[in-house]
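These notes are about the structure you will find just below.
As written, the chain order gives the labels A, B, C and D, with residue 1 at the start of each chain.
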Amino acid sequence: MNYGAEVEVAIARTRADVARLHDELTRYGLSVWTGGNISARVPKADLFVIKPRGVSYSDLSPENMVLCDLEGAQIEHTPGSDRTPSIDTAAHAYVYRHMSHVGGVVHTHSTYATAWSARGESIPCVTASMAGEFGGDIPVTPVAGAGAIGEGVVGALTGHRSPAVLLQNHGVMTIGATARDAVRSAVLAEDSARTVHISRQLGDPRAIPQGEIDALFAR
Amino acid sequence: MNYGAEVEVAIARTRADVARLHDELTRYGLSVWTGGNISARVPKADLFVIKPRGVSYSDLSPENMVLCDLEGAQIEHTPGSDRTPSIDTAAHAYVYRHMSHVGGVVHTHSTYATAWSARGESIPCVTASMAGEFGGDIPVTPVAGAGAIGEGVVGALTGHRSPAVLLQNHGVMTIGATARDAVRSAVLAEDSARTVHISRQLGDPRAIPQGEIDALFAR
Amino acid sequence: MNYGAEVEVAIARTRADVARLHDELTRYGLSVWTGGNISARVPKADLFVIKPRGVSYSDLSPENMVLCDLEGAQIEHTPGSDRTPSIDTAAHAYVYRHMSHVGGVVHTHSTYATAWSARGESIPCVTASMAGEFGGDIPVTPVAGAGAIGEGVVGALTGHRSPAVLLQNHGVMTIGATARDAVRSAVLAEDSARTVHISRQLGDPRAIPQGEIDALFAR
Amino acid sequence: MNYGAEVEVAIARTRADVARLHDELTRYGLSVWTGGNISARVPKADLFVIKPRGVSYSDLSPENMVLCDLEGAQIEHTPGSDRTPSIDTAAHAYVYRHMSHVGGVVHTHSTYATAWSARGESIPCVTASMAGEFGGDIPVTPVAGAGAIGEGVVGALTGHRSPAVLLQNHGVMTIGATARDAVRSAVLAEDSARTVHISRQLGDPRAIPQGEIDALFAR
């Protein structure tokens, strides 16, 4: 299949972006082994690009990223078609179908975010950094199984300021206008999960008044 | 001694694999100084290759890996024969003798796994990642001394889904169809030990229902 | 604008210093994504150089550092003027205006310091390293909002031995005769915040008698 | 001063060893900024080589290591004589004067060891790794001030199996037949301090019976 020159260029750029952004997950310790995955919508097309399943981070390249349609079906006859897309592809696809403003999705099992998720607890907004990025608490959605992750994410984040949601007993998913934005939210979600965890270990962090959270989010 | 061309090629490949896989232990912070060791069975031969004793990770190479028979005795007159095999060689050999499907064994003193082992506690299965890799809790075997590690491992893992077992007051051992599989299990065992530890520090993680664990393990 | 040869040389040197010192924040894990910022006063001029807003650490260079006057206004028509200065520039400027001995300022959201700040707690001086660098406890100032950070820092550190102050629910700010001194204090503030946190997790650290703190600070 | 060809060669080798061994302190995260120091006795001479004061780890080289006599006085007219020896030189010298079998000394403020020291607690021997390296608990000596560190170390370690001792409210010191041995003990002391801390956070680690500790130490 050929999508025409403009879309083919966009696909190639998206492949390169998605491959390279995975370096940020290893840089910030958000993933181990082949865990975690990033996808990005191809601009002006009903397509997205996602990490292949079971490939080491050091072997990721634009060529082995997998191109999918918005149902999560792998597109044949393109570079990378010998790969299987990430096991979480259906959840990414569901988000792209239901949230048209989302251009990128990130999923990780990062340590502290997953620790909060295993207790089924949202992360309270007690730092200026959290207020600026998430505009309040990071919510949690009770989707432990593999089937309904996309629905859980869309349900939790629709109409919510936060671009991050904890998946109960599982990890965290973030969305963004671009894949880079979603990666930034994933990095800051883990940073917030860690800082608030550590703060609470020795007492109760002080709540930030809502008006101040709003002002920090507006900056 | 010469084992014939086919086996000699297999020995050479196994030496290279085992040497290189040790990089994953340092990459994920599973070992300090010369601690930890990986071995792999030589395909179609009653032999295995293991890390030498007391050699720095930065000095490991295919040449200084040690070739042993399944009693754990070092094979003479081969490259690497001037090295002493890992102090844990007898335990590795015991596993290969008693578990014919095992192609690789990994032992580490990784921090969080060892911390659970020092309390003699198994690690409860409260994340999707654990369910997928271990199919349930990571068990613990009460073998603190050096003598009976192999027996403890074989006893605990025979008929068990988990490829990882905690060694009481000592560390963790993992098995796999290949050495790479055993390394993946060692990496995920430490990741799980850390995540569940951190989750439990601020409350009780929610159990995952058995049916859901089964579904995640089957994926 | 041209400040004359001597000042122009000093500006160029300060740009290079500030750009390079940011490497220490990543080396010691004090910042994630584009968070944290360092500034330095230009010797013999009412100017300072600060990190640009929203630029990745790997893209920082002398050229994209931003030159400001002591009101925090960006100087036009110089290299870097196409950048926006750090969102915290007003706070840095306030410190330079009110503390003439200060040549460098560092602000981070480093994990353990921010965790103490979120509880609004000062860090008690219970290690020789803390006594030597801070001469006592690291204080906390109740400035959670963005407006009054500079005032809070100057109020807390004027007449105080400590070159570091926690910003409530936000992070930490350090000052120094040079930017390098302020960076050292930021590194040791996080190291102290972490060590004292961990010590207190399992009991009460012993206080160091004041006379001994004084002797260690005098070294 | 010239010590004769044999000793000059030994001095040069010791300078190179001590400079290079500092890389292990950064590799294992045992030191921040310019903290921590390693020294080594020059074989067959009443001399030792130690890290200079206040020099960055990335700037350490054989040439800027400092040569001292066993009173801790810097030897003049040698390379490195423009440097000041480490602030802890008197303590190292005291150890060399009073423990003739010691060839290397390491001092760090590594996080977990310092956290135990701040509570004035020894670290209980609850892992096989600790039993093998330290032969029992890691003791603590009540020397908080700068004056009497050497006496405290010699008092605590004379007749003791452990090559490591915690310095109350300060950090840890290790000794060894060679500087490399002392570095290994410093790495394993921090690893043990961390593992036992984490184990104890969620309950009581099981004690290892003395006979088993003895067997592990004898290996």
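Heads up, the rule we're going with is that a residue touches a chain if its C-beta (ideal position, glycine included) is under 8 Å from a C-beta of that chain, and two chains touch if they have at least 3 such contacts.
Not measured: the values here are computed from a predicted model.
A.B. asks: Just grab the chain with the largest centre-to-centre distance to subunit C, centres being mean Cα coordinates.
C.D. replies: B
A.B. asks: To the nearest 5 degrees, please report the angle of the rotation taking subunit B's Cα atoms onto subunit D.
C.D. replies: To map subunit B onto subunit D, rotate by about 90 degrees.
A.B. asks: Do subunit C and subunit D, two copies of one chain sequence, contact each other through the same residue numbers, with over half in common, or through different ones?
C.D. replies: different
A.B. asks: From the C-alpha centre of subunit A to that of subunit B, how far is it in Å?
C.D. replies: 32
A.B. asks: Starting from the mean Cα coordinates of subunit B and subunit C, work out the distance between those two points in Å.
C.D. replies: Distance between chain centres: 45 Å.
A.B. asks: Two or more other chains in contact with one residue: find those residues in subunit D.
C.D. replies: 201
A.B. asks: Are the chains arranged, by touching, as a line, ring, star, complete graph, or other?
C.D. replies: It is a ring, because the chains touch in a row that closes back on itself.
A.B. asks: Give every touching pair of chains, nothing left out.
C.D. replies: A-B, A-C, B-D, C-D
A.B. asks: Under the stated contact criterion, what part of subunit D meets subunit B in this complex?
C.D. replies: Of all residues in subunit D, those touching subunit B are 28, 126-129, 184, 187-188, 191, 194-196, 198-199, 201-206, 208, 212, 215-216, 219.
A.B. asks: In their complex, what parts of subunit C are in touch with subunit A?
C.D. replies: Touching subunit A from subunit C are residues 32-33, 35, 87, 109, 111-112, 114-121, 144-146, 168-171, 197, 200-201.
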